[in-house]
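Chain naming follows the written order as A, B and C, and within any one chain the residues start at number 1.
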């Protein structure tokens, strides 16, 4: 195994509760997480909003001092020697406002190149290459405020790659992008990996983590509740059948009845557009899918359609936490 | 600090200053306020003073006794111009970090591998340079509109302005750092601005203040800048304003040091609480 | 469901309450509203002192007949603050809601926009009045001033002015809707108009061209007449005539304001300017 580019050990962050006395327990944003990312891996932090993913990213990127624990980036202690660690790190923070809207794309890159200490000549070459690679050359001399969200995200990515970092970190890179732009960005991230760089990203999109990441750490309440490759995580659910059904009306008693009959778990969401309840039931040997559907019909459920799926990371999350990730 | 990182830091400082100036030049709405405000702002005061002086100037002798001149227009507009310089600095420098904090660019700057103080130095340089440009333009406009003339040494005037910079922008840096944690920028600006208006003798001679207020006034560097510029306009040279120059040099050094110290402390604090302090 | 005026009154009340709640949730702002005017008052007081001969402002007396510059200034400031309250109350609230995106959700309710605008200004009028009284007390305690006339007739002089300002504010609010630049417009208009109308000094000190503009502004007569009534200053014209001018002004601005605002509102709905925010 190649050497670890990011080493996080027992990382913990507490924030004092606002406006309360010192005796009150602090808010624990990250409750002691550990992981290692070898060179050339795409590693995903997956979890609902507020699970501690961004706080973790900010601690690794030296923007936030941890309460305890250690972070090493490319072997450098990021807490004691932040500037050395930052030399190996390119970070894309969430949102599109980490660049200057009143400057052009090129000016933004020139500016950050100087901040990263690139000599002017090197900077010019790299900027041209990056603009080319990200299909931004034509619009490079327009103000960023006139860019589309996808273009801004690409400039942010270019900015993070300027110093040719060993590690690239992205906080919710595809949030707010249309499907096409999101796909393009994922391709770019794969390219970055193919250059031998290590990628750490956060996301709350299951599919994204599934398709993109070599390994995934699932976050909930500031802790890692599972860490493995997406395939292995799903493999753990091999005994599981997943039934998805659209139902016009829902009664909580039905769910209780299903679990009484042997369903492992169930989750319910309301689909606004189709105006139906989308029921996901996890089943193992105790209750077959056929029996579950019959049971629901007997209870009086108006089933519009139902299907069987293979387990996804979403199901892993439901299985682990008993709740859906998309809330 | 080795030579390579020395170069790197210097380049970063210049890049920050350049970025600042580019935005200024590209969005020159400030030109309007720089040309218009120095003329409009003293307007109300000029005519109030005219009313107080009386139709035949019967109350002027009283003013002259305190201010040392009967030319209340020059007296006033020099005060307001310096006041405005300070004010523009408060909004510019004070608001700048806060704005970057809100937009999120503060964090992306802080991701660069260099001590964060150098980022502040760049902003500081750009703001000071722009402030000088704006001040010169303001002085030109008021000279044209209100007929203010320089009777004293132009070199003394120039040195006075340059030596006022550290005290003014040092205060600004302290202020800008406070705003990062206090967030409520408007309230703070009004407070500082009010303090300056009351104590620095902008619209009246300091001699009219009660004793304790005069003592406060003597501590504030801006009072010295304002009184010295009036002295030079009235015909003074280096000799006339030596005392003020000395005071400004010392207080400027102190305030600059305090400014960068405040920035360093606040920046360290933000690393613990998060740059936006959401919790 | 309430219809017609009862419904509108209910809407007015709701808007007033909402604004009050928002205001109360920013205590620092409330404190600043008292402190800030005091900070502006102090230089004025000392400025007047620096021109006093044996403690008396004989220069001002020669122009106006009163020696009490603080009282002269306070009255001006009081009227000015109503002027900007109406301007800000309407234009700025509109701009604010446009920026935060709540404008459309307010717009979607059946209460006519006019009623909503009124509700908003009512609140700022209320706030201004409370504010003025408190500031007046503070200034009186700190610097002292004295009214020689009676207050009620002076209020009657101001009443038509307030209504007139509403008309003006409405037109301005309309302009804000299409230009998106409330701050600058309002600052520019309210500041310069009040100063030119003699908020801080007797307009007779102005050079002729400026005096001509000043005399064309109805606001000038409000400042002048109220000071005449309360301080016994020499006025530009008999007070009754000033009052008549203000009443006429009221009819003109209200009619014009309604027309302008209506037109612009229609245009906005057609062009969808609202959706830009």
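Points to keep in mind about this one:
We adopt the following convention: a contact is a pair of C-beta atoms (placed from the backbone, for glycine too) under 8 Å apart; a residue touches a chain by one contact, two chains touch by 3 or more.
As the structure is a computational prediction, the values presented were derived from the model and not from experiment.
In terms of which chains touch, the assembly is arranged as an unbranched chain of neighbours.
Distance from each chain's C-alpha mean to the overall C-alpha mean is smallest for B.
Each chain gets a centre from the mean of its Cα atoms; the one farthest from the centre of chain C is A. One inter-chain figure worth recording: chain A and chain C are separated by 53 Å, centre to centre, where each centre is the mean of the chain's CA atoms.
Centre-to-centre, using mean CA coordinates, chain A is 46 Å away from chain B. Inter-chain centre distance (chain B to chain C, centres taken as mean C-alpha positions): 31 Å. Contact residues of chain A toward chain B in the complex are 15-18, 27, 29, 58, 61-65, 83-84, 86-87, 89, 91, 93, 95, 97-100, 102-103, 107, 110-112, 114-117, 119-120, 159, 163. On the chain B side of its complex with chain A, the touching residues are 5, 7-8, 11-12, 14-16, 18-19, 22-23, 26-27, 103-105, 107-115, 119, 271-275, 279. Residue ranges on chain C touching chain B, taken from their complex, read 28-29, 32, 35-36, 39-40, 42-44, 46-53, 57-64, 69, 73, 191-192, 195, 199-202, 205-206.
Looking at the complex, you find that chain B touches chain C at residues 40, 43-45, 47-63, 66-67, 184, 186-187, 190-191, 193-195, 197-198, 202-205, 207-209.
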